[in-house]
C-alpha cells in the first residue's frame, strides 16, 4: 500500500512522537548491510564492523567472501591479527583454527577439540560491487532482500565511488540524504541553488516494501555548476535553462538511491521523456559500526558518456568533495547531540522524508523484539 | 562592611567547611564573564564557551557585539559553522536564519515560521577591551556590575595581554592568584625571591561588594630580576634596594586586579607616596568554559614609559612566560584532583585569600538557587 | 608442598571457576614490585606508578632510593614537578618540603608546621638491578620476599634488558609467559616452531612458596633460528639437532624467570648435563600501573660468551623484537576484553600454568582482605 502525503510534511501528532529520537542509534539486526566494497575483501584477513559487531572478512581460495566474528573463542584476540591457512583462519596468538562456518579445526598441544568451540559466521553475499553481511538470525538471510543498487555494475551505466567513515550515527546520514534542500546551503558552489528550497516536493511511503520516496522537480531553472558541466558533456552547445529532478528512494533500513538529472527545459522530462537530458544515480548505503559511527559506501552512476574514464573520475571526485562538506556537518551534529542530551527536536516540512525513514526503522526494530529469539547473539552456532 | 583578618589566616571552623570544595567547579550564571578580547570578535562567526555554554560571537554591521547560543533550534548544528547575512546568522546546514535577538527570520521551503522558533541571545557589553557576556537571567544584566579593569584602556596607562586556555577549573586559577607566595617557588628566575614567604600579609573582605583584598608589603628588599629591570627604565642609575608591594583585589566571581610595584627603598611608598617607584596592574579575569577548563584573559598595565612599545612587548612576553609556568602547574593540579576524588584538602595561612574567594562564590551560588527561576535555561526567550 | 599435575591441564571444575576472571585486574598490595631499573632512579624526581599508585622516586645524596607518594599533602600537585633540596623534596607550587620518610619539614609563610602534615613513604630496596617498592602495609615489607632474579647481576652471567609500558593488565602478560606454545604462532621467524605445540609439558605448583613451574622438553628437534645462532656462538662447527628446554618459574605475584636453552641432541641435557649446551634466563617482572596497564621490566641473561658485548646487544635486541610481537597481541587482547564484558572464557590444556598463577594471586588477595587493616591507604603515617 502506497500512501502519498499531500501536506508535504508530517502531521502534528507524528511530529510529536518523533521529537525525541533524532539521535536514535539503534539498527535492525535482521538486515543486509554493505560491509565493504568488493575490492576491500581478498586473500587477507580484514577487520570490519557490521551492525556494531567486529567481523573479519576474507575470500576463500575459490574467491567466495566469508564473514566471521573477529574474536577468538579462546581469548578474544581479533582473528584479523592471524593468518589464512587455505580457507581456514588461524588465530595469531595460540594458533586455534576455524573453518568458513566458524567451526574449530585445530587446537594447539591437544588432540581433542572441544565440540562447542567455534566463532559465529555470518551469511555473506557479494552483489553490485558490495559485500553484504547479515548480522541477525541466519535463517532469515534471504538474498532477495538485498537492496537493488544494480546501477553500480550495470553495463549500461558507468559507476564509481568511495567509502566514508563518518563519526555520526547512520540515522543522521539518512536524514541528510532524505532532504536535499540542504544542498542550497552546504553545497552552494556545486549543486545547490535557491531553486531547491523554492520547489515543492512530494513524499510517498509504502509500509510493506519499507520504502520512502521524496520527489522534487525544479522546472525551467538555471542549472547549478555541476549539472551545467554534465549537460555540456552531452550537449556541448547548450547553455540555457533546465528541468531538474531529484527522486530520493529509501529502502529500509539503510539504503538510499537518488535518481538525479537535468534535461533541456521544456522537453518533457517531468512527463517521462528524459531523452534530452543527462541522468545519474547517487547510490548510498550505510553500515552502522557503532551508536555514533557509520561506514558510508557510495557510488555515482551515469548513463551517458559511459566509456569516458575522465568523466567518471571527475564525477567521483566532485561528489566526494560535496560529501566531505556533509561529513563535516554530520560529525558536528553528532557532537552537538551528545552534548545536549534530551534536547527536544523540532521538525520542518523538509523533514517529512526523514521522519518516515525513522518510522520504518522503528517498525523493523519492533518486529525484531516481538519475535522469539532472533537476535544475532541468540542465533549462534548450534 | 569591611572585615579585616588579624590572624592572617582562616579560623579553624572556616578551615573545616572549605576542606572538600577545593575542586569546586560551579560558577554563578548571573554574572558578567569576559568571553573574548575585543579583537577576537568581528564580522565572522566565532565559537566560544561562556559559563560552560556554547556561544557564537560576532559583530553587527554597526560593530555591536552579539552573543547567541551556538546551536541551531532545528538540529543543534553549531551556528558558528554557518555564515552572516547582514546582521542575521544563517545555519550552515538547512539555512535557518536568526536575528541578533535570536528570533527565527527564515525557514527553508516553507512560508510560515514557527513563532516559537529561535535561539537564546545573551546580553553583551564591550568594555575595557573585553567582550562581556551575561549567561544568566537577562533582566539582571546591569552593565554597572562589570568589574572595573579600566587600566586596560586608560590613556594614562599602557596595557597589553593574552588569552590562556587552561585545562583547570577557574577556581584553581583564582586560588593561584590570591596567594602570590608561590612566586618564590615557581617563578624564581623572574619575580620570586624569599622576601615573599617571609613578608606578612593582610586579608580584607567585604560581603556587600563581594571583594577580597590581600595586601603584602616587602620593605627594603633586594628586587627580583623583572622589577630590577623595570625600575631601571625609570631610574637607569639606581641599583639599590626597594620597597615592593602586591595588592591583590578580587571582584566576584572571577576577576582579580593586582596592584604591583617597587619604589626606591625608604621613599615613603608604604605610606602612600609612590612617586619614586614604578607601578603596574596585572589584570586577570576568568571565563569558566567547563567544569575543568577556563578561558583566562589577562593584561599587564603600567603608568611609566607608556609610549615605549618595546617595554610593552617585553613586559607582555615576560608575564606570558611567568603565566606559562602557572598554567603547567594548574593543569597538573586539576589532573591530580581528578585522580583523587574525595581527597581532604588542608589549608595553610597563605590560603586565607583563596578561601574568602570561595566563600564569595558560594554565596552567589546560594543566592541564585534561592531565587525563583533565574538560570539561563529557564530565562529564555518568551 | 609441591603438587604435580599429571593431566597436563586443569580439572573440569577448576576450569569453571576460572571462566570469568580472565580480565581480572586486581593485584596484592603487600608485595614487592619492581618499579624501575636502577638506572632510571637518580638525583632527579621521577614519576612512576606502583600498584596503581603515583610514586616519585629519587636517590638521597648517599645514593639510597626513596619512594614517596607523588602528590603534595596541601594541594595534590605531583611532587615530581618540584625539586630536590638535599635529601628533601620541595613541592614546585608552594614550596612545602618533605623528608625521605614523607614528613613535612617546611611550610611557606608560617613557622608552625602542622604535625600531621606529610605524604606516604614506601619501603624501597635496590636489588638485582631493579628498584623494588612495597605499596602495602610497611610493617610486612620483608626484603627476603623479593623474588630471586640474581642472574641479572651475577658475575657468571651477562644480562641486559628493557622496559615495556604495556596497555594490558599485568595478568594478561603473566598468561602470555606461562604458556610458551604461542611462540610457534607469534614468533615463527625467531624462536617458534611446531616442536612447541607437539611437546608435552608438566605443571607443578606450590601453595606455600606461591610458585608455579611449567617444564617443557623438546628432544632431538631442529633448532629455531635464534637458538641455532646462539649455539653457533659456542660451537661454530655444529649444525645439527638439539634438545631444547623451557622451564617457566613463576613467583607470585608478578615475576617469571624462564630457564631456556638448547644442547647438542643426545648429550644428556634432559638428565641434567647441560655442559654441551647454551643456557639463558629470561627474567620478567610486572609492575601493575593500573587496571589495564603494566610496566614490564625484563632482561635476558646468559652464561656463555659473557664478555662479548656484541652478543649481549644482539640478544637484547632480538628478545626486544620478540616481545614487541607479544605487546601488540596483548594490547589487542585487552581491547577485545574491554569491548566484550562478561564474555565466558574457555581454557585449553596449555592454560594450566596460567590458571595456577591466577589462583596464587587470588589467594594473596583473599589473605589481604581477611586480615585487619593492611591496605596501603590505611597503613599510612601516624
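Each chain carries a letter (A, B and C) given by its place in the written order, and its residues are counted from 1.
Keep this in mind: contacts are C-beta pairs under 8 Å (C-beta built on N, C-alpha and C of every residue); 3 or more make two chains touch, one makes a residue touch a chain.
Note that the coordinates shown come from a computational prediction; the quantities given were computed from them, not determined experimentally.
Among the remaining chains, those touching subunit A as well as subunit C are B.
For the touching copies subunit A and subunit B, the fraction of interface residue numbers used by both falls below half; the interface is of the different-residue type. Averaging Cα coordinates per chain places subunit A and subunit B 49 Å apart.
For subunit C, the set of residues touching two or more other chains is empty.
Per the touch definition, subunit C reaches subunit B in the complex via residues 54, 71, 73-78, 81-82, 90-95, 107-110, 114, 117. The part of subunit B that touches subunit C in the complex is made up of residues 9, 22, 175, 179, 181-182, 184-186, 196-199, 201, 328-329, 332-333, 336-337, 339-340, 343, 345-346, 348-350.
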